[in-house]
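You will see two complexes here that share subunit A, one where it goes with subunit B and one where it goes with subunit C.
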Partner chain A sequence: MTSYRFTASFLLALILALVGLAFRNLPIAALSVLPLFYSTTLLLSYLALPRPEIAARRSVDRLRAAEDETIDVRVSLASSRGSIPMLFVHDDLPDGLSCAGGDVHYQGPLSATSTHSILRYTLEGSRGVYELGGIHALLWSRFGLAVTNLTVDAPIHLRVLPASEKLGRIPIHPRRTRAFAGPIRSNLAGSGIDFYGCRAFTPGDDIRRINWRAYARTQELVICDFEQERITDVSLILDARARAHAVVGSDHTFEFAARATASLASSFCQQGNNVGLLIYGDVLNWVFPGVGRSQIDRIHDALSGARLASKLAFEDLRQIPTRLFLPRSQLVLVSCHLDEADIETLALLKSRGYAILFVSIDTIPLESAQLTESRDNELAVRIARLRRSLYLRSLERYGVQIIDWNPTAPLAQAVERARQAYRRLRS
Partner chain B sequence: MRSVAAALVFVGIGALTMVAFAQRDIAVGVAGCSIVAGWLVVIAARGPRFAHTVALALSSALCAISAALHIPFAAVVLALSASIAAWDLCLMERNTATHPREATDRLHRRYMVRNLVLVAVGGAATSAVYGLRLRISFGTAFALLCLCLWLFVVVLRHARSLMTEAHEREKEERTAEPPAS
Partner chain C sequence: MSSRKQCNLVLGGGLALATVAVAAVLFYRYADGIRAHVVRPAIETYFVVRFYVDLVPQLFWWAIPLAVASVLLLRRVLRSQTSPATVRSRGPLTARPGEGELTHLSRLLRRSHHSRFARVRLSRTLAEVAARLIAAREGLSLTDARQRMIQGYWRDSALMHGFLTPRKHYTARQDDAEFRVALQETLDRLEAYDRDV
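Right after this comes the complex of A and B.
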């Protein structure tokens, strides 16, 4: 820009001088002094501008943080070719991240030996994967007009994970369990806590499990069996179809779905289950099943990068790639959307032997809060509620478990309600 | 910065226009009004760089014509000073447009003060040169013209080479070294 300003102003001075001299007009020639003075000062300022070699270092206290956590960032600049009299530094934050504290700007000198952080700020943001790129610097001489723009690279990748909630034990009952002990009832007799049934004593049985009261009554040895509790394979399916979600007020229903999936993944993994994740909607985004803390991190990382997609091939749930799931394992679908085609697909999956838990996010309270009070709106809300409850009852009739979650309340409450309903059903 | 630039345009060229109308130079007055209106539109619409430069060129031409028509020299110098200052402020604002406004406010204030001081000193120098009232012959004028041309070519070539060298050096350094992290 300095070159442009210098050329333009010097050209203006020359033209005025030439016209003044050509017409022998002193006032016009005298006018050339002003742009000439300006351009000369500009040139001298540019020549006096320091040409430093600036290196930037951006350090963060963590590379992954949940939505309700903050990240401390420090930026230090070092000039290896002498000090800079005046520097303006601005760290450009990507959309979705915001400064919760501190300052992302610096204006002042930079000494050659300076190693301390010139920018210190705290970041907070919504779920996503972010790249903090170059640091923009504006460099100018102390007494001059010349300015130089610099971009110093200090790339760093941050992940903001969906906020997860601590959930109680989630009532699932898959047909197939693994061999290791866990919290899931396996429908197999053996050692456990819950009573499973009685049978006649066979040699080799543990005598501590003999039901002496039954023996006193019938004079026959009877053994009490308990239901074994084991771990199982759980496949979480996050519905990322664009048509299944909507923006309601300032919230996006997909964010609720991502948070619910993160909470469920944490809960299932902490119970020792083998948990995988499929983000359904775009290309096949599949987190291979695994166990433990590292699997929670993998699933949360995948969820942080999850985006809505509108692919014709994944318009309905029929295209769910069942080859990814173990036969007769537990499927957990998290979605806001439900229609006849989806119910058919879930019923088909159920008939193939999968146990299905459908976490249905009820967006009607959120949407109705946005509506003005009128008779028509009330009627519309009633129809939507009836339609939704009809669909959920259809699913229940097919044997699909339901967790009906109103996102204005914690998910743990919905899980607790579902557990109580499951207990009532069993008793 | 844009508001200051707009005020400078309005006051500087507006004053020249008023003086022209007072002296019944209707053409200069109308041209001045048109330039003020056009430039204010360009400033308000954050127009491109060349639009500001065209506006500066037009206002400079108006100043030269005004000077030739014996409109008071102080008004002409004021108009030219205001035009150069406004043009420079607009370009500077464009250059810092990528930075957030609240962060560059202090920078802009400092720059405006420097710019206005520089232009004021330039205007005073111009008035002083005009006050010398030199009388030169055609031969001297022609010699001065040739000298100006030669100076222009030499200075421009030197300045451009300096700027290009510095720019190339910066680019090489940036590509040669791995990014700091």
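Right after this comes the complex of A and C.
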């Protein structure tokens, strides 16, 4: 800005001087004195402007936060070349992050010995990975004529994780379990809670498991077996194909899918299972299976950076890289979309021995709320509902478990409904 | 602003000041010579060029843009005749990026008031639903169910059978009201059939 003002005033002075001299007109030549004085003063002000060395330090109370949490940010500046009489500081926030409290601007002096934070604010944002870059500062000369701007680097990376919901026990029944004790029924006899069957006593059996009533009736020793409960391998698949998601009002259905995946990952990991994540739609985005709290963090980190993609190679689910999944393990697909091709693919995976849980996000309530009331829209809702219920029942017939989630209600409710349906099926 | 830019500005400013000072002295000292050898010849050249430009008829100036436009038009026509015919996209009838299933159906229904292609698309959608219903009820594969539907699974209702034959909608002389009645009846019966399944 200073250079523009200098150039303009200087050129004006030059033109006036030249015109005055060319026509030997003293008043015109004299007019050039004012802009020449201004430009000279501007230049001198600029030369006299202090060249401070400012160091910035941006500190946050956490580098990872969920969507419903906030991050406290403090910015402190230090000038190593004396105090600055007037300083304007502005911290640029990337798209997706907003200031929930405090102020991202500061205007005032900066003393040489200042160590306290000059900016304090609270951030909130939507799911994503963000980089807070440089802090912009403007410095004025003593009379405010010259201004210079600086960008002080204080980079910091933040992750806003998808909001996770606490879920109850999710009913899954894979064909293959691991050797360690866990919550999943393994379809193997042994020690457990649920009754599995009876067999004849063999030497070495625990006498506490003898069925004395059967012995009283048959005079033969019978042992009661219980179903072993083990942990299992669970592979979560988040459908990130652009065509599988929609923008509904201010919401994007992919965000619901990401939140559901985060909740499911937390739930499965907390039960002790070996959980992996595949984000399907872009390049191979795979979180290798693992257990424990750190695995939850890894999966949530991957979900925070998940983006929709429209790659022709991943247009339908047929290209799911099944080699990543252990044979006969549990697959959990989270998607808003379901068509004929997807049903065929899921049926094929089921026939290969995978146990499949399909978390279907019902977008019809969201979309219908956006439509105006009309005969056409009423018919559209009826067709969409008919098709969706039919497709889900087709999947159920193939043996795919369904969690039908209406995103206007908590996911825990949908899980509870699925658990009750699973209980009814087993009884 | 970087230190390099600051340095350039300072040097440039100084140089410009010096130039102005020197130029001012020279102008003042040699004003007559500059006027005789620079200013006056420039003014004379301007008037001479203007005189010759005025002699050129107006028709010539108008002919230039017309000729350029004609050449461009001719090239475009020649290229369109030699290039292969473009296939008109059916984009609006397929789901747009970021569009949900319900929104897409709603748009199709709105368009079906006047567009045969939208009617065909709707008919295909419901025919797929009907085939899946038949497959579920009769325990058939989807291919067999489609075959059964073509052979006349819904023959008891001519309106419904006609509606679920998508290609008929390309040529059917059916006004909007008749199409709505057929759609309504088909949907009612499919829903009733679904409840029975």
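We adopt the following convention: the second predicted complex is superposed on the first by the 422 of 427 C-alpha atoms of A that agree within 3 Å, B and C clash if a C-alpha of one lies under 4 Å from a C-alpha of the other, contacts with A are read in each partner's own complex, and residues count from 1 in each chain.
Here, a residue touches a chain if its C-beta (ideal position, glycine included) is under 8 Å from a C-beta of that chain, and two chains touch if they have at least 3 such contacts.
Note that the structure is predicted; figures quoted are calculated from it, not measured.
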| item | value |
| --- | --- |
| Joint occupancy of subunit A by subunit B and subunit C, clash or fit | clash |
| Which superposed partner A:Ala8 touches (first subunit B, second subunit C, both, neither) | first |
| First, second, both or neither for A:Leu47, with subunit B first and subunit C second | both |
| Contacts of A:Thr363 with subunit B and subunit C, given as first, second, both or neither | second |
| First, second, both or neither for A:Ala380, with subunit B first and subunit C second | second |
| Partner chain in contact with A:Leu390 - subunit B first, subunit C second, else both or neither | second |
| Partner chain in contact with A:Leu21 - subunit B first, subunit C second, else both or neither | both |
| Which of subunit B and subunit C A:Asn149 touches, first, second, both or neither | both |
| First (subunit B), second (subunit C), both or neither touched by A:Ala30 | first |
| Partner chain(s) touched by A:Phe314 [first = subunit B, second = subunit C, both, neither] | neither |
| Touching both subunit B and subunit C, residues of subunit A | 3, 6, 10, 14, 17-18, 21-22, 24, 43, 46-47, 51, 149 |
| Complex contacts: residues of subunit C adjacent to subunit A | 1, 3, 5-6, 9-10, 13, 16-17, 20, 23-24, 27-28, 31, 34-35, 39, 95, 97-103, 105-106, 108-110, 125-126, 128-129, 132-133, 136, 142, 183-184, 187, 190-191, 194, 197 |
| Interfacial residue positions of subunit A with respect to subunit C in the complex | 3, 6, 10, 13-14, 17-18, 21-22, 24, 39-40, 43, 46-47, 51, 148-149, 242-243, 245-248, 253, 310, 337, 340, 363-364, 366-368, 370-371, 376-377, 379-384, 386-387, 389-391, 393-394, 397 |
| Residues of subunit A that touch subunit B when the two form their complex | 1-10, 12, 14-19, 21-28, 30-31, 33-35, 37-38, 41, 43, 46-47, 51, 53, 55-58, 88, 90, 92, 104-105, 107, 136, 138, 143, 145, 147, 149, 152-156 |
| Subunit B residues touching subunit A - in the complex, by the definition given at the top | 49, 53, 56-57, 60, 63-64, 67-68, 70, 73, 76-77, 80-81, 84, 88, 91-92, 95-96, 98-100, 103-104, 106-107, 111, 114-115, 118-119, 121-123, 125-126, 129-130, 133-134, 136, 138, 141-142, 144-145, 148-149, 152, 155-156, 159-160, 162-163, 166, 169-170, 173, 179-181 |
